[in-house]
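In this document, chain identifiers A, B, C and D correspond to the written order of the chains, with residue numbering beginning at 1 in each.
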């Protein structure tokens, strides 16, 4: 046990043996972590943004022209009670006309002066983004809305849906491989630098073996060194990422966009530290196996 | 001269001396180039997309209700002749009403049957994105449009402008440092691996110096090796990027988005090969200087 | 303690050792001679499992090297200490660290290590160099560090490959004296050397002469002289 | 050809050389003796500009080493060839490549290189090893490769640091013979050795003995023996 702690200490002290090589390796780990984190950050925020502003599903409901106002109002109340509703906008024919004319310049007075509004009762209902079987949920909801009394037609806004669907397709088919790929890059780069920094210790390892050192005795300091390099590098990378995020986060945060960039979720940030650390350990281990 | 070519050849042959280390270094260069390229690709396409769909400036022109049809038609013709115009959409009051009602379900017949349309003459004019002093150009254009006979008001869609402006601000204040930073990362990583792979050749360099080799004799093969590693790594990285792009480019290319991802411009792709090559050279040079 | 039967070893087409057989009892002292390239280092490397035994049989300190699993090699090497012809010391570590290393891998306690290291370093005339980096030492000083590291562990078997090549007569004699001392305490010593002077000074010791990988001369019954009509003279 | 006046060198507080003065004419042969740590290697390193001359003056082949700019060092080293105590050969290159290296850095043509390399390698008994990797050679063979690389360039001055430490008497004599041969053709040779046998066999050569960094004995007028009342005996 005492010997084990001595070896741990040696792993730390050995960093001082080749400070230049170790520093360079540390920087490489830092930068790769930073890069990987930057990509995660970008992807995560875009994903987030699409989910919030685009992923939500909106339906426009138009009642028949001769629909009875009471029935429509009852329907409106039931709409507000639906599961996952974010917002319900309702328009009586008069309101619809007013709303419409307000989008025209100078509030086309002629339109407002019309005796009876030519527009029907209308409602816009927005649902929060939901994961799972969106298609069948949507179909069911569409049917339910169409089944409301006196409803003439229901539409859902197609562009937003399309983008949202495309992004989710992209996420599911490409993001997983891209992330795996990033981890591979990380492993490669860290493993590479670890391996190369181990070249300068080959003599020591050879001699230790020749004087009767067991494998664990040889490997423990190397593992500690690798893990330290990986985790400190990862930590610095995440810290750098945080600093970069701090500077960038309000870039899109103005009216009327209000797109505030979010930092990585804690689990991803932790992964960015743990993975280099693990990779450092594993690559050290592999490097002394032969 | 003959000696020089021999040294070039030796630089190439020396790769075989430590194939594992060289391969690892090559992979590191490849991946870093790929990562940098991926970022450039993402930024470039987003930039592009914003310029094309958002950066364009659109004005909506509303005429007075009592505008004379002839004057309006003349104005429309002059609009089409303006500099940098992409598209001009024009609506007579009837057409406007029809267009409006077509966005409503079942084509609210009541609206169409109205004796005279309550809407004014309208036009939407879109200009291509332009660089330079956009603000003053816009002010001038706005004034010119307002000056057309019988025009009541002119609007430009604000959200698009805001996003476009924010993105350009981001590009100009952050993209340059980010790109410099990426180049630095690249240099660091390549230099790091080069330096470390040179550790295994220190003996050779020492001995060459001891038997009377001049500096250029020692450095040429190392430079060639570094340049080769850098350029081949860069080439592979760009090739990988191209493959990735080929697979991804049609992800957003569907109606009505039609956002096709573009590959890097030739100069950027070349830079992605030249910079690692240069960095390889320089770092080899630095590594044998002491 | 050390049993070699019909041992042969080839590097590609080249036979560095051919049909060597000899045995040594505990506490014997053997001089291994032979000119450059005769196979002395190859034979020693086979004895400490740095080369695998492919043909013939070798038993060292009770370990059958023909069937020794990799994880047993450290155990063997704790019984068998080696002085390498090229020293194999770490230039960026001090004399103390290089010598102590052999004890540290065995997990001994620090006080014991300190006492042993200082005693051995003093015995080899290196006390004034003990905190210098080995890379800064002269050739002869490095060689003595290599010897110090091998004897400091009190090994059962001591293999020394040309341990006096960089030393003058006086220091060489002193070093042989140290090996002799261990030998007196029961260590089996095999010392490869090209110096006939040294061998001549110790006629009581076992002697074995290699020539082109074959045992061509020996001065005791435990060795089988290669009987191919070449040379069978006892040294 | 080689002029050393009042040369001293220290490593930190330790004085490895103190006030050495001697001079050698073109074509002379000098044995540099002294026990381990006496300063032989340090003196040689100063002569080929591997250590900077800080105190005293050294002139080698017309170069004043006290004021030699770094870019002139390769020129000096093309006049001065060295056999290093630790060989300094590349284990992953063949014998041929290691020897040819010294000629290639001088930009000689391939045919000439080939002829010279083969002649020298044959002279040192390594012709059967010429395409083997140096890492696979025995200690003595490696030493001979180191010698071959230094003599192949036909140097004006040849510095050899313990070039026979791994060789038996016969091979050592052969190697000294090779050095003698170059010496006959006008090369100035400085040979550091701890072997008094070798020195004794060449009484006609110049001899210089170092002890603790001081010249304590010499057998010709060109050397200033350290006169501190310690020892002034000619060998």
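Following the convention adopted for this analysis, a contact is a pair of C-beta atoms (placed from the backbone, for glycine too) under 8 Å apart; a residue touches a chain by one contact, two chains touch by 3 or more.
Everything numeric in this text was worked out from a predicted model, so none of it was measured.
> What's the minimum number of touch steps needed to get from chain A to chain D?
Step count on the best path from chain A to chain D: 2.
> Where centres are the averaged C-alpha coordinates, which chain has the largest centre distance to chain D?
For chain D, the chain whose C-alpha mean is farthest off is A.
> Round to the nearest whole Å and give the separation of the Cα centres of chain A and chain C.
64
> On a C-alpha centroid basis, what's the spacing between chain B and chain C, in Å?
From the centre of chain B to the centre of chain C is 68 Å.
> Once you find the CA centre of chain C and the CA centre of chain D, what distance in Å lies between them?
29
> Rounded to a whole Å, what is the gap between the Cα centroids of chain A and chain B?
Computed from C-alpha means, the inter-chain centre distance equals 23 Å.
> What residues of chain D sit close enough to touch chain C in their complex?
11, 35-38, 40-41, 85-86, 136-141, 143-144, 161-162, 165-171, 194-197
> Touching chain D in the complex: which residues of chain B?
3, 6, 17, 203-204, 206-215, 217
> Using the touch definition from the top, list the residues of chain D that touch chain B in their complex.
Of all residues in chain D, those touching chain B are 48, 50, 71, 73-78, 81-82, 84, 88-90, 92, 101-102, 104-107, 149, 153.
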